[in-house]
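Everything below concerns the one structure shown next.
Think of it as A, B and C in the order they're written, each chain with its own count starting at 1.
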């Protein structure tokens, strides 16, 4: 377990997507290129006919599960859904027994969402060579398809990620969305990445390498081309004193604050939104918002990822 | 929200099916004609291939959900199921965020069942022009596909709805089934509609326009061609003193009572039945019962409705 | 209800699979032959296109439900899943109302798992001639597709069931897996069947006809060609004093004990395993283990059973 998981094969093709860390720029760009085609021409195909996709979701998530399920069904895959918390099981072999059982049923792709770190990596190592693993969210660490869809949305809107100044705002420390967006955008050569958060939500020093840090929202979004808001994690609010009114006052995206960004700045949010907390409805539904486009891009990106994994499985 | 939702387009094609109120007779007849074909020749087709149907069921309903799911799958649609109570969410925009998210994933038809009035109408207005909404049951108000399947069953059995005398018996006040059956049959020119209930279950004056009211079951079903029983809503029984034995004594459909109706009267029930309460097994399983035919017609009607919605979406 | 259910038609074709009892050897062999083809060439086909399979699972079972679901989807069937405990309903007619409702929706095959004995038989009689029933597990009595997959696994590994000495070890008394494995292997002419259990887990006298009984594991597996372990039923452990450490000491399959069997003995387990209780990981993951092969064979056997049922329904 000391070596990093090999997410690509000798020919550079995607074999798993557990994290964006270490994936080359060319691979990310080819996934975005293909996703852009799916986004523009959303037609049913049979690219995955004969393949089986298993959704193993330990955390409830209507939207992400639906997005993966539709990405698979629209390419003709057979899909089975399980609400199963791999991490809450007796550790180690029992988890793997569940995985090996599904593998023996010829599951080709495991889509896994889990609140515990390391589950996707462990499963990917276990099924390596026989099936592929895609993370649909790992603890606070990683959400690679979200990172890709965010990058696609920025590229579509701004044309060139290399010129975009992107501000990620909110509960950065506990956000897998922020980590994967940062990783995708950094790999793709984003001009400037900023993380904007109250001190209590700022990640540890050294994380988010290369990003500029701002504890003032006004400073953080000044001149930004992209304002990417994060959601307050209400389910974790019990662990700390999150005063929602104060949060909105200091870090909520209002129309007035958005005016500090570039005139053609776009607004993003991974959803689900807490309207009136991290973002005002006027902004969420306004002309600069690409929040629904992100959702559409999510299906397209997942179609591209599943297609790529299928291709690497078919041509050994 | 002041204007009624436009359920048809300029060419008269169905765009949503939230209520039967206001739909023209010709449209209902064309849906029944098409459903009759599906009922007679239940073969798998690809009419909905490439379309996505989302079932959003806030109230548990094995049978109705299965009926819609099969109606979609048998026409080649992709189907995603959600157990989601839209009405229990924070009101307004949050509900719509869920809907807009699914819309952005290119859901074409939203099938919605909810205990709260108005949810389907609100969603239909929100997605209008981009997707269609079908009600699968709205509070105590409306269950339009049930009304259509009831009308189809009457038409199949009696040939001409215009000559049928129909008695609807039971907990009328709280029954969406009764409301939609009344609306469908009235639109289709039913000869005579009767509502039969104990006073406590009789709807407010003015409701069920044109229907004759009977507080005696014997009087109510005398000479009727169709006896449509409703189920006692056990889940609401706590709100009032429903004495089941007394109910059966006064309003249960026994063989003796059925003999008061026309000799070739048919018996209907939307299910699930409370045998021994509103209906005796001898009647439910007897030769005059079309209860299972109603279920079969339910799938056929839903196939016809989905097909019509798909047609209006494809030819703008 | 006094006559046994006719599981085959006049031409000997399978109409239901509620139990292996009474099914002729030639039928079992033809199912295994066909399953072997599916196991060797797992390609998607359309053999069940236009048919509807309903999974009614009253007991939670990720693996068995997934196995049946994939067996149906991979042959092009439409599949609907229900978590529904038929036996916990008001008895008799209410259960059947649910079944008749699904039948009226043109469900072709009911796959039923239930903790109560007799449910599958009752449903099969109710839908007889209109649909087929497959048991996916009935109380402690029967699990016919498990029996078939176990037999297929033995045949694949040993070539000839007629020469195999098979020891079934564990909680025999409460095991439907043991009963169906015994029945399948006995019908197929297994050379020698042994049941091995502590006295408290030994079935009543007369059960497991023809099997030799051993209360010592060492004696029971000596020279065996197949060692089929059962799982300790933790969910039933509360009913009796199962000392897991003592159980492992006396009946756990360790590498040392396995050495008492034939040198090329195979190890089987229906899953999920309690590692360290009835079986050691060294054995479960060792070269003699065919546990994952059993899972793969499970999908293949269920494909063969569904195909056979579809054939008998199509050619009346």
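The rule is short, and it goes like this: a residue touches a chain if its C-beta (ideal position, glycine included) is under 8 Å from a C-beta of that chain, and two chains touch if they have at least 3 such contacts.
Remember, it's a predicted structure, so these values are computed and weren't measured experimentally.
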{"item": "Chain contact graph, described as a line, ring, star, complete graph or other shape", "value": "complete"}
{"item": "Interface residue identity across copies subunit B, subunit C - same or different by half", "value": "different"}
{"item": "Rounded Å distance, subunit B centre to subunit C centre (Cα mean)", "value": "41"}
{"item": "Residue numbers of subunit B (touch at least two other chains)", "value": "none"}
{"item": "Residues of subunit A defined as touching subunit B within the complex", "value": "42-44, 62-63, 66-67, 69-70, 73-74, 271-273, 275, 281, 292-296, 298-299"}
{"item": "Subunit A-facing residues of subunit B, complex", "value": "49-50, 52, 54, 78, 80, 82, 84, 93-94, 97-98, 100-106"}
